[in-house]
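What follows is a short report on a single structure.
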Amino acid sequence: MTLLARRLLAAALALGLAPLLPLALSPPGARADTPPDSLLIATQIDDLVSLDPAEIFEFSGADAANNIYDTLVAFDPRDLGPLVGGIAERWSLEADGRTYRFKLREGLRFHSGNPVTAEDAVFSLRRAILLQQTPSFILAQFGFTAENLDETITSDGPHDLTLRVDKPYAPSFFLTCLTATIGAVVDKQTVLANEQDGDLGHNWLKTHSAGSGAYRLRVWKPNELYALDANPDYWRQRPAMRRVFVRHIAESTTQRLLLEKGDTDIARNLSPEDIEALAGRPGLKVEEDLKGPLLYLAMNQKHPILGKPPVVEAIKHLIDYDGLARTLLRGQFVPHQAFLPKTYLGALDEQPYALDVAKARALLAEAGLAEGFAITLSVRNVPERLQIAQSLQSTFGQAGIEVALRSGTAKQVLTSYRARKHELLLGTWGPDYPDPHTNADTFAHNPDNSDAAGLTGKLMWRNAWDDPTLSAMTEAALLERDAETRAALYREVQRRLQRQGPFAIMFQQNIQSAMRDSVEGFVTGGAVANSFYWTVTK
Amino acid sequence: MAARGGPSAWLTSETPASRLQARAVRGYLAWRRLRRNPLTLLGIAILLALVLVALAAPWLATHDPLAQNLDGRLLPPGSPGHLLGTDDLGRDIFSRLVHGAGITLTIVALVALTAPAAGLLIGTLAGYLGGWVDGLLMRLTDIVLAFPRLILALAFVAALGPGIENAILAIAITAWPPYARLARAETLTLRNSDYISAIRLQGAGTPRILVGHVMPLCLSSVIVRVTLDMAGIILTAAGLGFLGLGAQPPTPEWGAMISAGRRFLLDQWWVATLPGLAIFVVALGFNLLGDGLRDLLDPRSDRP
Amino acid sequence: MAPRAGAGRAIALAARLLISLAATFFGLLLVTFLIARVVPIDPVIAVVGEQASPETVAAAVRELGLDKPLWQQFAIYLGKVLQGDFGTSVLTARPVLEDIARVFPATLELATLATFLGVLIGLPLGVLAAVKQGRWPDHLIRLLGLFGYSMPVFWLGLMALLVFYGQLGWTAGPGRLDVFYEDLVPSVTGVILLDAALAGDWEVFGNALSHLILPAGVLAAYALAYIARMTRSLMLEQLGQEYITTARAKGISEARIVWRHALGNALVPLITVIALSYAFLLEGSVLTEIVFAWPGLGSYITNALLSADMNAVLGGTIVVGAVFIGINLLSDLLYRLVDPRAR
């Protein structure tokens, strides 16, 4: 017994001590900096659920795909204004306004070594329609259906591609949609070699890559990291960073520690407080970029009180736009009160609303609610959102509106939002593709306000805002082929919604990326595009 | 009834005249032994202070715990007017801590009342009735025990929706099995005792025997166990608050305060550290008291 | 007793044990399934996202079998689980079993090291407290233990991270490895320390350990307190026994009496104690994992739960439940094996 006991004890001690030995041998704090030919990014990638470009619809996935795949048409990271050629070298629109002909670049190769041909492009676009994943509407809205693919998406030679849309849309609308992730060209041969049960390689491509872009996927561990290996033969330029690691770090504090310790090159989700603390720190710098997402307050028109126009207007006057921008959101959001982000065609800079409790009180009195009322505010339970929600709670309280917070995970909030069961809701909206129609379609288009219509993708429907005039204006803008006239139409749509609509659009996101000052050329893509890793040197 | 020598003698009598006196004597002797342990006294002092603070919160607090001031955010402790500084919305941390005491007490009190009661009921039923009832109830107990506790609580809160009431309910739902086991074990030893048999022979029905005779006898060991578990309850509640599933903002619940403050840990350490300290001190108070009580009443019982 | 009868009894006992285990598992599955269904998240949204068209949603509903009645959904699920198919996680787009195989070793690594630390420090402290019963080392150790019980683990974690990584730089930060050490050693067991040792790559080993030490230390605080306290009371029990008095009378040295005789006999019940604490750490590491961005089972289940990723929640919970039951069973068997009195 005692012998056994002694042995057990000895074993326990040995096992317990053994791991500590190397720790004693290697001096702590003597870690090397990040390797010179690798780029390390600390960010949040818990939204990443698939790396198949036909399915990717999240920011993280779009960032990855932007570096793995090429699209027919693209944005130049050095000048995000005009569209440039991607896999397509040039293109033309026929007189009918519906037939686009693309001439593909010659000599391009996929990571597998297979040549990039029109056949691959046809396969990729048809595949996106056939798989019917969430982002497929970006292409399907041009009239592509599973039945007509043989006529609408065709190749006329190894480098000639023809796409036929159903209406003479504004050309910029169609072309910018092709820059979205869903327009990525995948390697037909490789993908089909991994097909299972006729899934067009969907299951395999979720966790693998088959592109022609600057990087190929090395590994993706969900909620942990993904790593990319450079494609040394990339046609635009050879990427300076041989390897890119993108690591999921949920908290700002942790990201900052990693950056300060030299354990990461870039930290992408620092809080205003952490950014401030890093300012002027030697060896570090902060770069800013105005992005597309908007922060807004939605007011469900099915609610008897929120359905009263003076109440809607009063609420728009009860938000401390300036105070929030100056304090909690400092540097990370800029005030913006219309649904098209700055830098978009037709963006509207007018900001008619400011915190004005007296005016709000008068409006509430006009609605017969001088004593105020009680209401709930749905919000995601992340600290940043809860902060803003609590500030709203406080300013609303000054006019007698008693706000109770209903916090939940993103998906919980979304579930009640799509079911039109919310009252007030603090939300964000990111454009799906860089054309004004993306936001107009959701904020200002609701052809059928009935519950049965189930237009859950449209914010206007979710908030039960019925305005046929507005919907008609949005439809008209879509078919306007003159860019200036089109922009003017969108400004009108925005003004009308700003005055009457059930949205208090408050802010546009401005991201601040903190990085070591040797890092150059990191482009986050502005409001229209995604991040570029292949332009980075350090 | 008053014996010679006044209350002190009555309380130390070796020949108690009534059941009440017998209990009082036991209690008093226990208190005398308890008093000898300074750590236990410290625990009692902490808990008394907690109760006082919770009751006097409206007078102790220097500010409205919900009043925001965006231009006075994240002030350090000792700033003019803010003893312990301010949080990310410019609210006075001292006032929030003081108001949070009541919330913590409420959580502990509600869980400490419901979970043991449920456990007692299930345990005594299983132990007394035996047979398939016992099998079924104990299987249920095993199932709940096999669940990771925090994850089960999380699941319940996720299902019921976040909020302090649901957090309390979720903790209670996950906390009863140990009491059920304890009560069952006690009941098994009691079931065939002469005392219970005699009552049964007098024609008492099962409910009456259970409620009137078995449960009271199980109570003391359950109470010791509850005291030991209180700290755990506080920590679980704080954990739920930390995950955003407990009390909803702007309620000054301590766990939620840590959660909101951890983003400022590097430069404004006080925002997360002070509520953490508060939780620690209160949990320590309960542990010190529980530890003393255990030594006193039931030296062999130990928590799993 | 005839051996046949003994064997028969053993078989009957094993059968009863198996049936009750199966019943517990069934209950575990049913309860988790129901909870996951009640969570107010539309499981379809978890799959298709915010802007899905009605057609996409309808297709997802069919694919997930959500158009069938609840009991049928459960029956289908149960059938698949019995075949070892836990379904696919929505969050990671991978088979749940594959996910668990990836995240569980991380938790295992953490809990194992924490238990080692707990035993390594807690056991001697417990012995010391028993030997010095009622004197200041005893009080100090008791107070230390109560500190361990009273610390909110997520707060302790944050503080440890701040001090040891942020200020002093003694350890590595959150996560299991510095990112450029990823995939340098082949994953055989999934436990990085073991994998690195197998590959003989001591640089990776050191890095992994440097990441592990902080969360394991935080997690060990509780284990340490528990083990020290139990060791103390078990030792006190032994030290009060007659054979100790006899041994003292024989003039055996005090150190030998304490470490060999008393601890030797206390060690048997201590195994149960340690096993229990190990099981507790395996399932109690949720908050620690979240604070240290540790990609383990606890944070996996929590994430899944909050996103209505039902298959992942069910799979994860079943694994944790099974491990818990398994460890209890194992410690019970071990106890019977080494202690003749318990046979």
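Think of it as A, B and C in the order they're written, each chain with its own count starting at 1.
We take it that contacts are C-beta pairs under 8 Å (C-beta built on N, C-alpha and C of every residue); 3 or more make two chains touch, one makes a residue touch a chain.
Because the structure is a prediction, the values reported are computed rather than measured.
Q: What is the chain whose Cα centroid lies farthest from the Cα centroid of chain C?
A: It is A whose centre lies farthest from that of chain C.
Q: By count of C-beta pairs in contact, what is the leading chain pair?
A: Greatest count of contact pairs is found between chains A-C.
Q: Using CA atom means as chain centres, which chain is nearest the centre of all the protein shown?
A: Per-chain C-alpha centroids ranked by distance to the global centroid put C first.
Q: Between chain A and chain B, tell me the centre distance in angstrom, where each centre is the average of that chain's C-alpha atoms.
A: Inter-chain centre distance comes to 46 Å.
Q: Suppose each chain is reduced to the average of its Cα coordinates; what separation in Å results between chain B and chain C?
A: 25
Q: Distance from the CA centroid of chain A to that of chain C, rounded to the nearest Å?
A: 37
Q: For chain B, jot down the residues that touch at least 2 other chains.
A: In chain B, 161, 262, 265-266 touch at least two other chains.
Q: Could you pull out the residues of chain C that touch at least 2 other chains?
A: Touching at least two other chains: 39-40, 166, 306.
Q: Counting only residues that touch at least two other chains, what does the list for chain A look like?
A: 251, 257, 408
Q: With touch defined as at the start, can you tell me which chain C residues reach chain B in the complex?
A: 20, 23-24, 27-28, 31-32, 35-36, 38-40, 139, 142-143, 146-147, 149-155, 158-159, 162, 166, 226, 229-230, 233, 276, 280, 283-284, 286-287, 290, 298, 301-302, 305-306, 313, 317, 320-321, 324-325
Q: Give every residue of chain B touching chain A within the complex, in rising order.
A: Touching chain A from chain B are residues 66, 68, 70-71, 73-74, 88-89, 161-162, 244-245, 248-250, 259-260, 262-268.
Q: Quick check: in the complex, which residue numbers of chain A touch chain B?
A: Residues 251-253, 256-257, 271, 273-274, 277, 320, 323-324, 326-328, 381-383, 386-387, 389-391, 393-394, 404-408.
Q: Chain C touches which residues of chain B in the complex?
A: Its residues touching chain C are 39, 139-140, 142-143, 145-151, 154-156, 158-159, 161, 231, 235, 238-239, 242-243, 255, 258, 262, 265-266, 269, 272-273, 276, 279-280, 283-284, 286-288, 291, 299-300, 302-304.
Q: Across the complex, what residues on chain A touch chain C?
A: Where chain A meets chain C, its residues are 1-2, 4-6, 8-9, 12-13, 15-17, 19, 22-23, 25-26, 28-29, 31, 34-35, 38, 40, 46, 49-50, 57-58, 132-137, 140, 206-207, 218-219, 221-225, 227, 245, 247-251, 254, 257-258, 261, 263-264, 408-412, 414-416, 418-419, 432, 442, 454, 456-457.
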